[in-house]
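The structures come next, written out as structure tokens.
Both complexes shown next keep chain A, but they swap its partner, so chain B is in the first and chain C is in the second.
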Partner chain A sequence: MRVMAQMAMVMNLDKCIGCHTCSVTCKQAWTNRTGTEYVWFNNVETRPGQGYPRRYEDQEQWKGGWTLNKRGRLSLKAGGRWRKLATIFSNPKLPSITDYYEPWTYDYATLTDAPAQEHTPVARPKSLISGRDMKIEWSSNWDDNLGGSAATEKHDPMLAKIAEKVRFEFEQTFMFYLPRICEHCLNPSCAASCPSGAIYKRAEDGIVLVDQDRCRGWRMCVSGCPYKKVYFNHKTGKAEKCTFCFPRVEVGLPTVCAETCVGRLRYIGLILYDADRVLEAASTPDEHDLYEAQRSLLLDPHDPEVVRAAERDGIPRDWIDAAQRSPIHALINTYRVALPLHPEYRTMPMVWYIPPLSPVIDVVRETGEDAEDTGNLFAAIDALRIPVEYLAELFTAGDTVPVDGVLKKLAAMRSYMRDINLGRDPDASIPAAVGMSEEDMYDMYRLLAIAKYDERYVIPPAHAEQAHSLEEIATECAVSEYGGGNPEIFGEGSGTLTPIAVENFQMLKDRQTSDTLAGPSDKASRVNLLNWDGKGAPSGLFPPRPPGPPAEEVEDR
Partner chain B sequence: MDAFLWVIVPYLCLATFVVGHFWRYRYDKFGWTTRSSQLYEDRLLRLGSPLFHFGMLGVVGGHVVGLLVPQSWTDALGISHETYHVAAVAGGLVAGLMAVVGMAILVYRRRTVGPVFSATTRMDKVMYAFLAAVIVLGMWNTVAGSIMTFGREYNYREGVSVWYRSFLAFRPDASLMADAPLGFRLHALVAFGLFALWPFTRLVHVFSAPVGYLTRPYIVYRSRDDRQLGSHRPRRGWDRVG
Partner chain C sequence: MSELGEGLPVYRPPLNMGALFAEPDVGDVGELGVTVRYLTPHNKWSIHSEYQDNLFMLSLSRGGQTIWMSDQDAAKVGVADNDWVEAVNRNGVVVARAIVSHRMPEGTVYMHHAQDRLIDVPIAETSGKRGGIHNSLTRILVKPSHLIGGYAQLSFAFNYLGPTGNQRDEVTVIRRRSQDVEY
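Coming up: the complex of A and B.
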């Protein structure tokens, strides 16, 4: 047993309202640069739908991820090392920009420069690839909310697998949102596909990163990743991918997408896994067993044996503590409600999802039945094969048993908690029906429904002795490192860079954990200008005047 | 004049080549890339790029043999001049044609596909001019010199190759080059110009041919090593304590 730590995420899909805040803030933070216009480290897909890039899940077309070869050994689906080198001059499976979308801007100058004229001037879309006028035909979330799905729904590769029944029942549309980031897999096929060895998995926290100095732009990672979450920056000629916001995570802050998530549906925490058994688990012959194989890789951080092995393998004590408090471990292994996305790609993805119960509830509610009654919900889960089978295609390689189990747990929790909320006697038979104790059910409810910031994000900071070099603490100067001269001595630019996250850390923490929206009452230095009527000085803006004869002084001025 | 062309210029170019690469690798690892344009256009690239690159691999291989292996060695192996000549011309023609056709497709693509053209830098254009000139002159030498026997017959293995080895051994004999036909001289000169440009163009990607991929483990694990945490190194005076 070789214990390694992995920073992982769970998303509770029932809570996702599809607002794209995660995508937008991620883009603002990481990919608002030339060359990455089409790059969405985080994107939110409406399912059923094609996803982004279009039909990325169809591995018969894209050949991403791993597969078992004839001898039952794990191999890259797009071919091994020699095959990679033989096709290096033109990657045969690289999505073209049209599979993503052609990014554009508008020539806003027309709006301000146009002479007085009869008709309102129009800002025309300009391609950011060719610079010419273009017709906007597709984008990263073009089929948002099933928009235009009558035309495009048939392109959903997951829907195609259960197609014969779907045609019939598609009228009873079900829909949910699937936010996606890089999976930071335990067995990343992007890293395995990289000829230069530039993509690496960080030994400390398992975050998969691209070394920008070593990447040579061979593009094999783009086609190697079955989730299509490695992107090619067409200006720098290098691959870029989600970094799990490592500069933030290193100082104990959650990722930007999690921090800004409106529905608070993301959980971040550590898990411990057995690195020696990753290959074995990924080589599980039957696709339906992959979910269990992957789950079994994760070690129980409360097991004294595991703790001992973890300490032996150099995992710091506070990281083990964090792994024990990890919401990820609880959701995956204690309550078993989180499922991996597409385990059949055999990459052992580490962003897990709690499948949504809402499609089922919606259907029950529309029939006029009680949508919070266990019996009704269980019956509906059994009857509504389409949503369940579809979810199974996403999360368990088509095996409906685990999805059934999770949905029934969520349904049971709903019914059980309704009794409590309405002041009735809780019904112990409900948790028992899904094999849970009442305590477990209540704890799961707490974690899913009302967990606070520090319960949802249990992120141990990287170690203080390394602190000076962490990106966000940054006591070194980036510019002088690259020969760009000394830091300025005078003026605004003097000194070293101010690490924003550290500056804001306490402030942010206060805001996130306080009960009021703004201006915590216990912060003397905080001035709320919103309450100021414009007359006199706003309270608290200036320090109190010293006692004494102030009147003369004022007149002197 | 001969000394200038066949001693000074080549060594200047060689020095630029070596020092330039050192400089580029030291200060511009981030810029060290193929700068692929496959994302913009796929159809022509799929045809042109492998043709060109595999052709060029053959061409480079042919040059290594032709320039570095002395005639006496092949004579010792019992390979007659004629056999060698036929093999060299045949191989050279195939590889050269692949390279020329591939390059024609790629240049056409670069000029006509809007996004690819707008991603082409001035340096790219200069480099393409030199590269095209070298390849065309090389083909001319093969075709005109060896097949059509234009002008006099010339055995480059007794002239250019010997000079090249003397150049590499730092005992250059300029007279050998001065006797070579114009085509060979031009080819060599333009090639040296290309070598001088090399470190400053995208051609540097040649030196990161990923042969190590064949032997390394699939998944690379890397620790946050204390020399390079985050994206830059700690400042002087901030050495790690723990």
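Coming up: the complex of A and C.
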């Protein structure tokens, strides 16, 4: 058993409101430059819908991910070495720009420069690829809120698979949002697809990155990823992908998408996993067993055997502590409400989801029953607005049993907490019905509903002794050389990049957030007046007064 | 307010625009298009025109003015998703692209509030002038509770008469227009 640590994320889809704050902030931070106009490392899809890029989940068309060959061994769906060599100059399975969308901007200059004319000037859409006027035909979120249903939703690859016909009628409408980032898989097919070996998975935290020096722009990774989360930068000619905001994660901050999430639905934490068994788990013959196989890879950080093995394998002590407090471990292995996205691709994804509990369909309500009464709710799990089969196609390769189990737990939590919130006695039979104790159920409620910032993001900072592999954060930005070292590459006038080392960052942060005005508080000579309200004299403002004669006593008035 | 019965939110049935203002009845299909109830809800992502000119938000939506229609209404006038349509009534003209969805009830269209008129709004066929925004089709209708004065926030101010729900109770005739738009 070789224990390794990975930063993982869980998203609670019950809370996603589809605001896209995560998409916009990520784009502003990472892909706001030429060459990446069409790229959204984080995107939010309305389901049912085609997703971004269109129909990326149809692996019969795109051949992403892994499959088991005739001998039961894992092989890339897009083909092995010979196939890759034969198609290396012209990859036939590459999504084109129209599958993502043709990025556009507007002719804003017209608004200020237009001469006096009869009609107010208007900014027309112009393509960012060709520079010509264009009519907008597709965007990165075209079917938002089920827009274009007749034309688009029916092409949702997941709908083709579910047995019952989903009727696109007003009374049967259902939808939810699916925010997606790179899964930072344990068995990444993007890394396996690269002919140059430019994609690597970091040993210390499992983040999968594209080495911009080694990348030769073959784009096999773009086809190889079944989630289509590696993108091609058409200006630098290299592939880029979600970096899990490693510069932030290394100093203990959450990713930008998680930090700015309005719905507070994201959880980030460490997971300890057994690296030796990844191949065996990914090669599990039956697709329906992949969820359990992956879950069994994820080790229990409270188990003393695991802790010993982790220490032996070089995982720092504070990382082991963080893994024990990890909300990810709680959601995946303790409460078992999180499910992987498309385990059937066999990449062992590490961003998991809690499926949404949708309203019980009106049948129950119309009969006058209380739809949230435990008995009714459990019975109605199979008749929820969002078909359980649809969720199963997304999260468990079509097996509805685990999804049912998760939805029942969420429903039970709702009923159990309702009794508590209404001042009634908590009903212990409700958690027992789903195999949980009352305390566990209450803890799960706290984690899902009201967990604070530091309970949702348990991110241990990186270690200085691993600094060699982390030297990127103390020196230059990995992409600063491209575009001729042009600082504009990060947006107009963003200025020069200031390198900040881990130690400086922590010290600056402590100074800004400490309660004392002078910091370190024992040094009288350093005063930070930034937070001074102007009243009184903060210690250290004046040199210490030598002890003099005692002041006369003042009479009480 | 209590005398008017509006101390708390109250249901008022939609105005019969046909009887009051000689508009066609909702559901009529004629050569000028289909008559539908016109509502102007707020956007998912902005308060009024906030972010309506932000390139990221425009890239995450449809990049211009849109009107949400139901499948059935779109079929009545041969409108496919993303086709240019014109919505006309006695108050004005709006040119936008249609978003056809089964999520809309038949007989109602949504045009979200305050989509930016400076972004991708062509010249209207009906009037020969540039089409407007959502408020082109609405009109201020003063009702008695607007005339209450002098009670804290219920006092006259700019656009005080503007935003209440009764102004949003409109019908419009929507048709598919020529897809060659001029700006």
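In this text, the second predicted complex is superposed on the first by the 440 of 557 C-alpha atoms of A that agree within 3 Å, B and C clash if a C-alpha of one lies under 4 Å from a C-alpha of the other, contacts with A are read in each partner's own complex, and residues count from 1 in each chain.
FYI, contacts are C-beta pairs under 8 Å (C-beta built on N, C-alpha and C of every residue); 3 or more make two chains touch, one makes a residue touch a chain.
Keep in mind the model is a prediction, meaning the values are calculated, not measured.
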Of the two partner chains, chain B (first) and chain C (second), which one does A:Asp213 touch, if any: first, second, both, or neither?
first
Quick check on the superposed pair: does A:Lys452 touch chain B, chain C, both, or neither? Answer first, second, both or neither.
neither
So, does A:Trp104 touch the first partner chain B, the second partner chain C, both, or neither?
second
Now for A:Ile199: first (chain B), second (chain C), both, or neither, which partner does it touch?
first
Have a look at where A:Arg124 lands relative to chain B and chain C in the superposition and call it first, second, both or neither.
second
Check whether A:Asn141 is in contact with chain B, with chain C, with both or with neither, and answer first, second, both or neither.
second
Mind telling me which of the two, chain B or chain C, contacts the most residues of chain A?
B
Which holds for A:Ser23: it touches chain B only (first), chain C only (second), both, or neither?
second
Would you tell me which residues of chain A are touching chain B in their complex?
76, 81-82, 84-85, 87-92, 94, 96-97, 127, 129-132, 187-188, 191-192, 194-197, 199-204, 211-219, 232, 234-238, 247, 250, 462-463, 465-466, 468-472, 474-478, 481-483
Residue positions on chain A within touch of chain C in the complex are 18-20, 23-24, 27-28, 101, 103-106, 111, 119-125, 136-137, 139-142, 144-152, 168-170, 173, 175
Under the touch definition given earlier, write down the residues of chain B that touch chain A in their complex.
27, 29-42, 45-46, 49-50, 52-54, 114-115, 118-119, 205, 208, 210-214, 216, 218-224, 226, 229-235, 238, 240-242
Inside the complex, what are the residues of chain C that reach chain A?
44-45, 55-64, 66, 68, 70-71, 74, 80-82, 99-106, 117-123, 129-130, 183
